[in-house]
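Labels run A, B, C and D following the written order; every chain starts at residue 1.
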Amino acid sequence: MSAPSKRMTHADLRPKLKDGMSIMFGGFLAVGTPLGIVQEILDAGIKDLTIIGNDTATPDIGIGRLIAARRVKKVIASHIGTNAETGRQMIAGEIEVELVPQGTLAERIRCGGSGLGGVLTPTGVGTIVEEGKTKLSFDGVEYLVERGLRADLAILKAHIADEKGNLVYRRAARNFNPLMALAADFVAVEADSIVAAGEIEPDLVMTPGVLVDALILSGEC
Amino acid sequence: MSAPSKRMTHADLRPKLKDGMSIMFGGFLAVGTPLGIVQEILDAGIKDLTIIGNDTATPDIGIGRLIAARRVKKVIASHIGTNAETGRQMIAGEIEVELVPQGTLAERIRCGGSGLGGVLTPTGVGTIVEEGKTKLSFDGVEYLVERGLRADLAILKAHIADEKGNLVYRRAARNFNPLMALAADFVAVEADSIVAAGEIEPDLVMTPGVLVDALILSGEC
Amino acid sequence: MDAKKLIAARVAQELKDGDVVNLGIGLPTLIPDYLPTDVHITLQSENGFLGMGPLEGEPLPDLVNAGGKACGMVPGTAFFDSAMSFAIIRGGHVDATVLGGLQVDQEGNLANWMVPGKMIPGMGGAMDLVTGAKQVIVAMEHATKDGGAKILKRCELPLTAAGKVTAIATELAFFRFVDGQLVLTETAPGVSLDEIRAKTEADYVVSPECREMCLPA
Amino acid sequence: MDAKKLIAARVAQELKDGDVVNLGIGLPTLIPDYLPTDVHITLQSENGFLGMGPLEGEPLPDLVNAGGKACGMVPGTAFFDSAMSFAIIRGGHVDATVLGGLQVDQEGNLANWMVPGKMIPGMGGAMDLVTGAKQVIVAMEHATKDGGAKILKRCELPLTAAGKVTAIATELAFFRFVDGQLVLTETAPGVSLDEIRAKTEADYVVSPECREMCLPA
């Protein structure tokens, strides 16, 4: 194939990392978060980031390290309780936190990556989550209109990738990764192993390679 | 496990088959349609059906046979061009046909199965598809609000099933099957093989078994 | 039996063979220990699988529960992404969710995700679970550490969902919502109706069939 | 070169190495035959995969294109369900779609899915493809069998999508939409500007760089 290879090293990501950018990160309490890419973001020194993901892990693991290092301006997440530093900075007014119900967060990212303007969900009706949102009623049920979310960069963790970028995730490390692969302008994946195109059975691919821009082997920090 | 087995024969489905019911069927031009279950529906003699799926195949294959046998009152599909009988009955006013863009049909079924009231899609804006629908604009883009779809029964085709109902589809036979598994009150699956629980690698399951009510081996017509 | 075990044992009786259940962190995780041997449930973990089991032997990589703790899985487990996880939850494919509560009220409202200005961990998957599960069972101690009522006329804390709670289990009582009315159906062993009344702010009716909980020894 | 082959050869020049492309049935399926050897595209098939290739040898079970015909697949193919297929299409992950047209107009509107009272096959995936693909190339014969114009001031048939067409390739001409304006950029070998003008109802401008198509022998 003459198409440019998607293989790169963590350091090759550097030109893509910019102050003020929005970053979606796979992972649920750091399981499924690309830890080497997080290290690269720390090393790059970029700041004023908007980060979008399920949670902010802990101050010393995964995406939580960006919070602790004060690189983050805004967090969009469903849960921040495991990272005391996120809560402290929020209460001190140092960062903005938008809390989104987990299922709604998944749908908003999916919409952002699927060309959908949003979804109608009953989740959050009658709670503070509905504040400021369009509501529609059908057949006596009220729904919130929840809008799509996109980011400049998605950083994902896969177990196996092939050279075309086809991905397979392992167990609970899948979580938000396949959704975010659709929803960012540049998609960077850290994989435990990278195999030749065709070595992953086509029925078992979880993220099609055309969605992936950069493939980095986990060990190559 | 003491839970009642999901295993049954095609004939065991008979009590679930009723005049006037709505049936979602997996398949794309009959690839991924459970042909034995279609035969069972024909044999049961039920009529006035609403059928929901991508297309109506051909008059002599798959779901198209129900059209040819005049068992269908209404079709919700994205394409009927391959079954001349569907078009003929529609123009003669004998059946109602609701044509839905294929991506919108997929999303509507997904919504119906996911507790979502609908999605906002740009597909169909400025066409006759928008007639009668709520429109919302965000950031200068117009969207149609497309509502969820559900059915009384979903009839699906899997390649491999395990005793718990976990499913694996093969190649292009996946299509609408995984979406419909979420969106019907009773989900009946015809599988090429049925293996013990645990024989399908948990990462490779495409439809979780809890969504499946009945498992039928393909050959057991 | 201490309060938490009693509550877990009582909630276990609400679950039927074949149920798909999502258990919140903390107290609800004790529930499987109290299931009768002929009741098998499938545990849904909102971080992306059905078939969660207890950890047995060495942890497997990337196999963790929604609290991030290593766990096990049963034969026939299925993993999926977060959109599918919540399609299952929101779409009514979970028979029961059991969660802790800060406050519950007589309208079936639940508050369990934040205390303004004090504790704002976020709702995680709780809002979707409470909105989508067929049964929403709140499993909590009857009163606050200061002895204040938690079962109220009207929740004061921000809600997790409005009008979705189907039952409340505490170490003193079991309540069920019947046609929108909070009904006391069982008392814990040795607990009087008067004690429950005194420690409950909500209006409720006592079921004509109200009886003492029937708990394992 | 016959009309269909000429159109396919010209459209092939619009595709870049690495593009993800969805080809409609009929004429567009000829396009891969005309790609230069250094241009590799990935074909998306809306029935659920990326990596479609020509059928080689015996058909594999359940491996069919969106027309239901047996096809092949390349190394690195990925299968998925219809929701993912259209997430990819609607979400802008397809670089180009090439479809036939009944009518196209100077506003970039396309009509290709029904003729009221006559032919109502349904839109299939066409509405999503035309809405979501980055480039929407209509590949069709310039006029109807009766010699009537198909490139109109305003489509009369029901639209597939409004204002989404980016280019039109016929056996006579190649047009591009530039800032919302229909522009004639190339003429087919031996075809005069006058002939194109006579067979085109739409208002268009002739590009100052308008040239003859450069086609393979």
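Quick note on the criterion: a contact is a pair of C-beta atoms (placed from the backbone, for glycine too) under 8 Å apart; a residue touches a chain by one contact, two chains touch by 3 or more.
Computed from a prediction, not measured in an experiment: that's the story for all the values here.
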More contacts between chains, A-D or A-C: A-C
Taking each chain's mean CA coordinate, chain A and chain C are separated, in whole Å, by 30
Let me have the rounded angstrom distance from the C-alpha centre of chain B over to the C-alpha centre of chain C, please. 34
So, what's the distance in Å between the C-alpha centres of chain B and chain A? 32
Tell me, which residues of chain A touch at least two other chains? 107, 110, 115-116, 121-122, 170-171, 174, 202-203
Sequence positions of chain C contacting 2 or more other chains: 49, 79-80, 86, 89-90, 131-132
Touch relationships between chains, expressed as pairs: A-B, A-C, A-D, B-C, B-D
Looking at the complex, which residues from chain C come into contact with chain B? 17-18, 20, 38-40, 42, 44, 49-51, 73, 75-80, 84, 86-93, 131-132
Touching chain C in the complex: which residues of chain A? 28-32, 54-55, 77-82, 87, 90-91, 97, 99, 101-107, 110, 121-129, 159, 170-179, 206
What residues of chain B sit close enough to touch chain C in their complex? 1-4, 110, 113-116, 162-164, 166, 182-183, 196-198, 200, 202-203, 205, 207-211
Interfacial residue positions of chain D with respect to chain B in the complex: 45-49, 60-64, 66-68, 79-83, 85-86, 89-90, 109, 117, 119-128, 131-132, 158-163
In the complex, go through chain B and note every residue touching chain A. 107, 111, 115-122, 134, 136, 138, 141, 143, 145, 147, 168-171, 174, 202-204
